[in-house]
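Pasting the structures here.
Look at the two complexes coming up: chain A is in both, with chain B in one and chain C in the other.
Entry: the complex of A and B
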């Protein structure tokens, strides 16, 4: 415990030679997935600078795909997970899978963003938006696979700063500006908590390396620093809970989701949360004495409050983006209930996040396809739309049913695993209340469908463009199909996650 | 190539066919017009699996072939995998389903020509084959149940295929409801099996000991499920109405395959039934009663498809008699021969109906009172129909004789143990006589005798203006229809030789019971106690031949000489009872009065109140509560960043306080 911070030691002049000597080609190979994302981000920026922004979307998709492919060799061998780059990050095995999962939300969003920008005559923004998406994907990757709390913080900031800018990418749109500013101010506020927490942990343990912290008995630290211990962990947790938009740290969510360009919200709401929940669970498991700790209780309570608050307020919303923003708070609640439920639940939370990624990106993409003016977002104006445009109605029904957690859609499976692990983790009451709140959820999701299918069309106020444009219809249909398929055959994916987790030994302590 | 690698195709191909036809048909109106493409694809997706079954059958070495597609759901206590098992029983069922299935697909290409829902029809048909494959191949009850529900759904779609006709839509609904009652019993049986054994996989729960009461209940519930699907008393009412669907569908689903799935299921679980004697006797009695009442009803029907429908119910009754006697292999044997001749009969009737429709000759193209002498116009149809009629009537050496004789022989032999089986046997003999009679009546009234229809000749004014003369004459169907007819007719001739009676070489030449299904390691119990002495056997055979011959010749003589007047003779013999038969024992009326109307009344008056006032009230109340609380809480979201920070700080303080205290 009296050890000095290894980074500081390494940075001292004596060791600097050693660092250079230690640096080898293996490091480059290990970090290649993240590096390639970074590289493609730079390429996209350059393309933009030389007025080639039209091909940026293709290059972005290509870049993300290449980066995902580079992570595949590690995933194939689950035992491969190990530390690399001066023990800063994990690579291979589960870390590879995490990388692939995190890349998904960027990959899936790009076609919809391209289309949206075309529709709004903002194609000149493509270059910066896509390079920011790539950069924030790098940040997500570092955040989720970091072994060093400093690296965690750096990853979080790379990710967040990119997102702040993305939220305000429609520079002449006031709401977009407002979203960006609010997100930035509150985000900076939350980051400060996180950083304070990290420094307190360093003060108590003398290191920021999670693999070393795990070797120290938390009870020893707790006894030695009774006043510091819980506040430190709480502050770190709050940093993440903000990113996850859990009650009461959700305050930014409705305003940012409503103001930011619609398909970008899909990206912001998924990838960053996935990365945060992975890192959150990992850090908690490293710091805490055992899973049934007081902090688990706090998380479970916050999960519950998020579910109740998110669902009840969402039921009040007429603006579909705002409705989804509040409902995302409730989905955070479901996910956190998993995190509170211990290692099993942590897996369930990641699975839930994956399903949520598909549903949310598809939902925002679908909304963006009919959005022309502010009033189009009010779903009360959608009466009869489902009958008029069958494809829109059908896909919206799949998404709403899935978000509400009806079988046989993916959303049901996600909820099932989360509640199962919550019950196993001893949070029976929480699970019951959670299920009750999801009934409220069903109320407002279905209300959208009722308006779309069973109410007489009011022609004068309906959205003008009813047609989903061809170039995004197929990606949306693919997403809807994935949601149905996961709902029917979840076992392959969930058991694969099991295997990787088993091999990773991340949670061996618990 | 290793057959093991090909096996998954038997499940995947029909599904792929349905998916492709459905998707392309839904998306592209041009595709819907490509009848050749749709039909060809659909046939291939059934014919290729048939070839695979055939290869598997020829290479079969007694070890069940198991293949596993994927795990469906996994919880700690219950793992359900999409895994399939090909053993002797499922191989033979699979071959019947895909063999007869591909012939009927082929036939449908021509039969459904020009129909608006052409692509939908083949979509449902391929989907049906997929579901049926799941039903007969699944190695656990869950996959079987999926198939069971799947065939039910496809049957529902196809009965109501021309749903714009309210009668047909109602028939579909009736079939669905009757089937659901059976499905409920099957589900209950599954729960019972799972709660007793903790597994739903056949090879794990079939061969273990049960306490007698549980066993009895499981067997009884599964049998109730079978009465729904396989149209037995009391749930058989849907099958005659199911004839509202296109005729090839009646041949495939409502004669050859789906309706035998109840028999399949009981045969599959024969190791359990074998120990439940009371249930077996009960099954035999129900089977016999169904067989005889359906046969009696068939005598007084005039719709060609209705007669065949009642005859199907009656033949299914025979199969249940065999099951009830413990002769499981015999039941499967009859499933097979019945698939041949009944499919042939139905397809033949379809050919006739088409011809009659084309000729605009009769007010109702299905009414045999307006037919007669059709053999003049339709030589192939009439010949194949005749062959199959003799087969179902039990005239040797056609297929129906062997299987029906074996059923009667086994039931008689079972009389040693329990005298009730003698009664069953006696009912069976009577039914066999009636079968011969009404089937011959059907054949003669349709194809022989005088023409009782008037197609519009050239001198008819209408025809003169609009059409050629020969267009109005009923004429033979094209080759694509007659070829399947002939293949099935030939099978109806030779199929019986797979199960030669015991008097020939002590049953050693009875391939199906002795070598295939009765071999060691077979999933079926071979009941060796069911064995009569040589002379008894001879007498029984002579008796059943005599019954068949008498039935056929009586009806032949009556109806060739008297034509429709023959019915008057029957009527005079039966008196008032004939009217009861004509009205199908008033069962529909009875069900309507006792079940349907009270039920509708109850839901109208009582449940509506419950639903509207109490349930809706509670739901609306909850919604209002949500709205009110939501309206209050949403005021937290002011849009002012200072307030947001304040909320967050409160949150931080609360969290830390909770942890520290």
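Entry: the complex of A and C
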């Protein structure tokens, strides 16, 4: 008996037959939003193979919309969040809303990517880029709604591997290649750490299911392999903080954001961060019911360092994409402060992420509209641009004010909720310092506007294309409008989030 | 069922492999070797998982290893493609020479 293979014994114990019987149509219905994204990704690939690149953008938008609609029923009639697919992922209620929010970043960036590819005569890339965006969205969905750490890892990798390719999608452009290589090597390195952390959790608890881990007595875990406890959490945190580009793990962010094709950066910066923030908060909260205090303090300090570092370094940047990359590090800091602030803050972080998605996608799309050569990205060359091109100047002002957190724009509301929850969670000092760093943030955002509006135009270095092309002007204007509207009346969205959040039993008990 | 003392031996090996891989990533200059070191780290984790799977007599850990192998294969495909794309443009895969952007 001793030498018998344990796996064989266990498999017979598991009664494979019963598992197959358990598989029912409900599983397919529950996972339909993700499955439809996957299906449309394959369809787009096939369309590309048969030389129908032109319609791929329409099919992509259609696919994402259908996938969002499939998640709507569980969200409109607020229902309990529940486990499905052999307890692997969550579905319904808040999970449905998360799916819709994650799809949003893909949906919003499609028109800008289409236009950017047309401008650069790269339309043949449409098929592969859009199918990768769809696959990446599937990964985000799995990552954010996973209950099993194995699912978390797979979702994270589906998401990241697609993003590595997207960063390098301009094959002949050395900058794009370099961005892709750096992203890939560092990303794979970080996911190895995450994986080691997950395997340590498995070693301590004997399971990878988060709902089961939460119910195990924490003292029991600590007694068994006390050495593994803190390393496991630290390693998982490293993996996620890397994806979030939080302070000590931010090195890749500026280079990747500068090198990758501009509208794609908008997608990379928003969806993947939202998914990682949601998964990170969830995993941390379920791993640590007892030492949550200590841990949330560490997270709060890292959040603080991200804010300080991101804002101070961003103030010295000339390249607008690099500036936004460093500012995204500071925005990560705000989100992490939310995650550290307990369940209330977790909600604030999701809300902040939603607003950040609108702002960032619009900002990168707007930059891509005037970008023809590398020098166009240096905002010192934009002197007088705001007066010459009113639409560009106006929308850029809305975005910059919103990113800086001025009322009445959406960015202010997002920051307000995050800092409010931080104060409620006992991080008063952190909140005060955070607000001070956002004043530094206001300096460099407004410097861009000052250059655009109050400096005399220098014709020889100004970007050649001043007109925003028609096909992207309307989407950008819609985004700007959404930012203003959320800024003026945030109540419907935030109270709706409250309702769903109340139904999300797994979060409420944390 | 694995005896506890053997368990620590296997865990030590897997952590050692992981650290070797980590040092390789941090010190080597050739992009492909750096990438190989990342793969070594992933495989070290596989050993870790299999050890605990055996210890708990639980197949979930062994199943996890299959998924990790699949993911590592996918990463290998993408990574080598990225390195080849770079090599075509630059004829060089020394990561110290990729300095278009200041760090």
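Quick notes on this structure:
Operating definition for what follows: the second predicted complex is superposed on the first by the 487 of 510 C-alpha atoms of A that agree within 3 Å, B and C clash if a C-alpha of one lies under 4 Å from a C-alpha of the other, contacts with A are read in each partner's own complex, and residues count from 1 in each chain.
Here is the rule we go by: a contact is a pair of C-beta atoms (placed from the backbone, for glycine too) under 8 Å apart; a residue touches a chain by one contact, two chains touch by 3 or more.
This one's a predicted model, so the numbers in the text were calculated from it and none came from an experiment.
Of the two partner chains placed by the overlay, only chain B lies in contact with A:309; chain C stays clear of it. Contact with chain B, but none with chain C, is seen for A:295 once the two complexes are overlaid on the shared chain.
In the superposition on chain A, A:440 contacts chain B only, with no contact to chain C. By the touch criterion stated above, A:251 is placed in contact with chain B and with chain C alike. Once the two complexes are laid over each other on the shared chain, residue contacts for A:117 go to neither chain B nor chain C.
Once the two complexes are laid over each other on the shared chain, residue contacts for A:180 go to chain C alone; chain B is not touched.
Of the two partner chains, chain B and chain C are each touched by A:189. In the superposition on chain A, A:164 makes contact with chain C only, while chain B stays out of contact range. Residues 182, 185, 189, 251, 254-255 of chain A lie in contact with chain B in one complex and with chain C in the other.
Residue ranges on chain A touching chain C, taken from their complex, read 6-7, 9-11, 14, 150, 153-154, 157, 161, 164-165, 168, 171-172, 174-175, 177-178, 180-182, 184-185, 188-189, 192, 195-196, 199-200, 202-203, 206-208, 251, 254-255, 258-259, 322. Looking at the complex, you find that chain B touches chain A at residues 70-75, 622-623, 626-627, 629-631, 633-634, 637, 639, 641, 643-645, 647-648, 650-652, 654-656, 658-660. If you check the complex, the residues on chain C that touch chain A are 1, 11, 18, 21, 25, 31, 34-35, 38, 41-42, 44-45, 48-49, 51-64, 67-68, 71, 74-75, 78-79, 81-83, 85-86, 88-90, 95, 98, 100-101, 103. Interface of chain A with chain B (complex): residues 182, 185-186, 189-190, 193, 230-231, 233-235, 237-238, 242, 247-249, 251-252, 254-255, 294-295, 297-298, 301-302, 309, 312-313, 315-316, 420, 439-440, 443, 488-492, 494-495.
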